[in-house]
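The following pair of complexes shares a single chain, chain A, combined with chain B in the former and chain C in the latter.
For the complex of A and B:
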């Protein structure tokens, strides 16, 4: 049997993880192996990127029977939108390893990281809905372990809470998937859960469709998290270890947004258009609400958590804005935000390792002690805020343009809210890093070469994508046009 | 002249019965130890299983020795499939129990004879093609179980459980008899198949006797599978019984009960089955909710597993209600789910019985705090079973739930599927709580746990592998049966019910 490149990306980390779990290797070797795997995957992703044809269609298909009697296939493939997310994962994970390098965690930490990477890639490539559900749930288990084992505070409770919360969403999605499969069976006489087949269902009534749509939507909204499904967020983020919160915020949350595009648009095109006002409003409300909530936080992790949720609301609004600007901006913001927030969470992890867990008032004066740290922190902050010259600016500009086209009022609110982000981010930067206080920060150590090496690619991409967005947009643009013109029929630019 | 083919069809039954009688006769002899009894039991069960799988995967139906037994006993692909489940269940029970019986020395050798008798009763039940035969089979199985539950008579809770089970079980048996009498009055026969024909002829006329009789049979059925409102005995009896017996009751006995009732419902009472649908809806919802509620509030792991077995009964009943509109997929989903539940529950009960067998009673959640740091492999296996019971992808429990819910939606019972999903959602709490306790706390005083040695842990490990393989296995590995194989054979056994 031939093993495709996408399968390799999924199963390489899984197999290495299992191997190292069983064999008596120590933590250092496991970490090195995990890093090696992530580098291999990085090059595989580069290879895929180079060979990806900028069309709107699914490429690199892999197709094997899995459970034949119910037409469930091991079916993989990527389009332009998945490509963006794939590149994101491939770049971010090696960086994360470099920043987490000397954190002294045991083997199970690194094995969990490997498993998470496998689960994320599987979710990203799946075209069969049962397979997608499989990875979507399976991805949760290593996250469960990493937070529960290595978290802080009331970690057991928050682990159970986030698990139960997300599984509730996915179970509703599960019923919807099954319903679609059965509907397909009744219409065509064969079983299939393949996305390309399920879109052909014509027999569903309007109300049924709405129920199914909402079933899917809840799962994705919890993962993103969209207001009002965010109540797991704060506790989980603040109690997670750095690696866990990094993966949750910069990758897994993005998968929720990605799944919106990949599955909701083809499966329910008419409802997607019909319900777009609600979700644009929810997204913008989340943007404002979480932004204001972030200002009042004194814990850096909690502030980042809200900031992350605020941006994800922005991304959601862009996805539902039904035009090329909004959607492309969302794709861009997925990348930009993942890099900036991911970088910030990792830097926060470095700070936590050196100084212990502190609130905002217990910090200050780090700039003098650690100038390189401050430089990178500053770049990430600027990108989060969306200062021109960073990719955050391009992304936010595109989304605001898209929202203006959708509804001028929405555009105005979104544009103004960018100021909220600026206020809390700069406040944080000033209070925690720049201002000299009486707090003792003498244990703070500046970034080592490994950590700098890890952050460099992110920084280069943040600035590079800020100045030459077109070079990165042309691969994803045909896909988005395909979604808008061929599936949603709402016209292009 | 004896027809050898007919003899071969019944060979598994004959071997088990022979084994039961032999062990009973041997038990007073001093020279045989408990261990040699275990080995003999395994030998009988194993050879019966070998004789059984000879016909596995063939589509046939026959009445062995029709001149002697009339149509009382049937042998078809369906009974072969169920025999295979029952026999492997019994084998796993005795393999896992091997350690338990060794340590708890007060187990007597007669136990094994009773054990084989109850296996025989269960097998006879899935071979039964006549209501009185079914009743006798049911009572053989139940009576043996009553004694097995209370076998350690010096422990009061065992005796209490045994009495509770005995009295309530006998009461439910009476309903079976009454139902049989009414069905006979209504249909003029107690032979399955003929009952169906007579009922077809009766349709459009007064069928009230049949409906009442059928309802009485269902009372027994619901009692034995511990569905609402006949569930009250479940937690106490399961808790009071020795752990291997609990595993045997929860995982194997239910299979036999379902084996018979499916045969009856699919073929004979098919025309009037819809009458009970709305009643069953209520029963399912109540079973799921009550079971979930009871499972959530338990502190003891054994009681939690007992309560959660009610929830799994609820899932099986969802498949049962869907029989009308989606016969084939619903019934094969029930069969598949029973295999899935059997593997996961057997593994969980078995592992706990292994851990607790050294006279240290370790039953509560709290006792498992930090367990993973002392015994990583056992904790991993226990987690696998919990995940499978919770229906997390990658385990056989997920595939089982997939079929049950797909069957329900196919039959138009989407609301029931949503109810099932709700119960699954609640179950995440009580299953994951154990995993969280095992992994997320530093070590506690868990040193006296037996090390992984001997046949019992090996069996549990194999069961754990089966749980995983049943969730992801497919045709990649040639000649090794995967999920498809299980489904196809389940379908085949379903089809054999309809060979005229």
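For the complex of A and C:
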């Protein structure tokens, strides 16, 4: 049996992880191996990107029977939207390793990281809903392990809370998936959970579809998170170790938004259009609400948590704007925000390693002590704020334009985005980094070459995508147009 | 050779990038001599200036706009936005004075900052600013302009909080950035409106202009107002001016370049650039003119009571910008640009003179602690006098010609209330400027603790050159009445002067009146401050001295409520409501669990029974499906 490139990306980290789990290698070797794996995947992703045809259709299909009697297939494939998330993950994870390099964690930490990468990739590529559900759940377990074992504060409680929270959501999704499968069986006489098959179901009544739609939505809304499903976020983020919070915020949350596009649009096109006003409103509300809540935070991680939620609200609004501008903006913001927030969480991790856990008021004067750190921190802040010349700007611009097209009033409200992030990010930068205080920050060490190397690709992409966005968007656009024209039947123009 | 337009922008950018890296190297590895920074820092504006001159010459021969579009910046559906540069008369006019005045301020700064540890960083930011500003004016469409627009805002932030260890500087930087962003929000809305109604197949100025006729009628005034809100922020007009006085926290060359000569004129440039749009909506134009007039008067009033030399100049900048908006509001674009041009010279000169005084007095900025400064530096004294006369509008100094022209245009437009506001402001301007001048250079019984030394030649040279500019630049727009041909007005072509509908006689009367009110202002200043005894400080009392309590008002209206709201969201809603419900639910489940726990009674027979039931059910199910 030939092993496809997508399978390689999923199973390479899984196998290496299992191997290192049973073999008596120490933590250092495990970490090096994990980093090596992430580099291999990075090059595989580049290879995929180069050979990806900018069409609207699924490419690199892999299709093998898994549990044949129930029509459950091992079915993988990517479209332009998956491609951009794949590139994101492939770039971010090696960077994360470089910044987490000397954190002195045991072997289980690095093995968990490997498993997480496998789970994420599987979630990203799956086209069979049961397979998707399997990876969706599987990628969470190692994250919970990392938080539960290596977190701080009341870590066991927050792990339990986030676990129950997300499992609640996932279960509703699982029920919806099963219902769809059964409905397909009744209509066509065979079992299948393949996305391409399930979209052909015609027998569902309106109320049923709404219930199923909401079943999926709750799972995604918890993962993203959308208001009011966010109450797990703060505790989890603030009690997670750097690696965990990095993965949660810059990758897993984005997968929630990604799944929204990939599954909700084909499965429920009419409901997607019908419910779009609610979710656009909810998204914009989240943008403002979480943004304002971030201002009064003294815990940096909590501020970033609110910041993430705020941006993800905006991403959701863009996805539901039903036009190419908004959806491409969301795709772009998924990337931009993952890089900026990922970078910020990793840098905050460096700060935490050097100075211990401190609130915003316990910091200050870092800029003098660690100029390189400050430079990178500053660039990430600017990207979060959406300064032109960074990809954050292009993304926010496109979403604002998309919302304008959706409804001028929504667009006007959404333009407030230029204020939201600026109001708390600059405050944070001022208090934690720039201004001199009486706090002792003498133990702060500036970034070393490894860490710089880790942040450099992100920085280059942030700026490169800001100055030449079209180069990165042209591979996505056909996919977006395909979703819009062929599935939603709303003109992209 | 069209690609050279992009080099006007790219050279300062490359220089900024290079110096940034060099600076990072110098502070992390080994120190680098300052000379390494000076060369790239000063050559960048010089080279950009040279290229601008080249295009200026080309446009002299052939006025056809020159464009250069290296690549597609963003293309969604059929909405194409190119990374495009445009050299036409307007943009090259702006580029010329930005690079020229900018270059002189660079020279001055190389001396002003010479003992500063952040020398390299300073010039990296400075050239980054120059690059953004040039992108703003040379962009061929509003979206690319917006990149420069926000870029200058960022550089302004970076340079205001240049000495970032002092909290007040960073607070001032944040304030500047956020207030500017309030304006940018308006700009963005205006941009989005234009984008959707005329961004199809090209979003450059020329295509927008061509598609003006097909835009629904409500869009144009809406877009016009929204874009102007952006200008209010950038050009410090009511109500978004509050950041400008605080921006003086930055080093003085920053105030000269960014907050006086160039960046703050971006709003005027923008409105001029969109003249094809604003000409169709004269009502919005009038709104702009009134905002300008009230800003001019308001700022001039505040300036009369300030004691910090840089803040006086900051308010005077805001006031002069008000004049420019009066002009663009009534459609007199070339007059506004003329004032932008002359103002760049004399205001940069005033700031740099102030900077020289501040250096001489070891960072004293209170004018009432200066006094007798004419003795210590004749060059600063004379050049400051020239600049003060220019801003006061005394002929033949440049400010006279440009201000007079604006007032004439406003008068000719028939909005006499507007004109009256302008004249009143003119009187106040000459009053507060000569108040500053008399106190600083003539104030008696000055007490200077340490030795006061004259500044170096490198600092004086730009002052002298700018003084020549402040003296001569007005002649480029010498009106026909005085035997000139108004070269600038005719060169600017489509933004040039229209015919005026006033008689020569009226024109003479207006000129005489302008000179008269200026002289009255100077006279009052002389009476009150000509022989001022510095041992008594003026009392800081009254509404004006407290800047009409606008900062306090904004604080009560926006800043505090926002922070209360933030706490309410985070604690009141999130913790006490949302999370409480979630945790309440889970506690409910626990209670439910206790109820159900009745079955969990260690009764092995019950367990076994339940197990058997479960297994049989599963088996039945399996049989059912395998069958």
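The working rule: the second predicted complex is superposed on the first by the 492 of 493 C-alpha atoms of A that agree within 3 Å, B and C clash if a C-alpha of one lies under 4 Å from a C-alpha of the other, contacts with A are read in each partner's own complex, and residues count from 1 in each chain.
We adopt the following convention: contacts are C-beta pairs under 8 Å (C-beta built on N, C-alpha and C of every residue); 3 or more make two chains touch, one makes a residue touch a chain.
Here the structure is a predicted model, which means the values were calculated and not measured.
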Partner chain in contact with A:285 - chain B first, chain C second, else both or neither: neither
Touched partner set for A:130, first chain B, second chain C, both or neither: first
Partner chain(s) touched by A:148 [first = chain B, second = chain C, both, neither]: first
Contacts of A:11 with chain B and chain C, given as first, second, both or neither: neither
Partner chain(s) touched by A:182 [first = chain B, second = chain C, both, neither]: first
Which superposed partner A:164 touches (first chain B, second chain C, both, neither): both
Touching partner for A:101 - first (chain B), second (chain C), both, neither: neither
Touched partner set for A:412, first chain B, second chain C, both or neither: second
Where chain A meets both chain C and chain B, residue numbers: 69, 164
Contact set on chain C toward chain A in their complex: 24, 27-28, 71-79, 83, 143, 146-151, 154, 157, 161, 164-167, 170-171, 173-174, 177-178, 181-182, 184-185, 188-189, 192-193, 195-196, 562-563, 565-567, 569-570, 574, 578-579, 582, 586, 625-626
Residue ranges of chain A touching chain B (in the complex, touch as defined): 1, 64-70, 74, 130, 133-135, 137-138, 141, 144-145, 148-149, 155-156, 159-160, 163-164, 167-168, 171-172, 174-175, 178-179, 181-182, 185-186
List of chain B residues in touch with chain A within their complex: 387, 392-394, 398-399, 402-403, 405-406, 409-410, 414, 417-418, 421, 424-425, 428-429, 432-433, 435-436, 439-441, 474-476, 483-484, 487-488, 491
Contacting residues of chain A [partner chain C, same complex]: 69, 164-165, 228, 230-232, 234, 289, 292-297, 306, 324-325, 328, 365, 367-368, 371-372, 375, 382, 387-389, 393-394, 397-398, 400-401, 404-405, 408, 411-412, 415-416, 418-419, 422-423, 426-427, 430, 434-436, 446, 467-470, 473-474, 477, 492-493
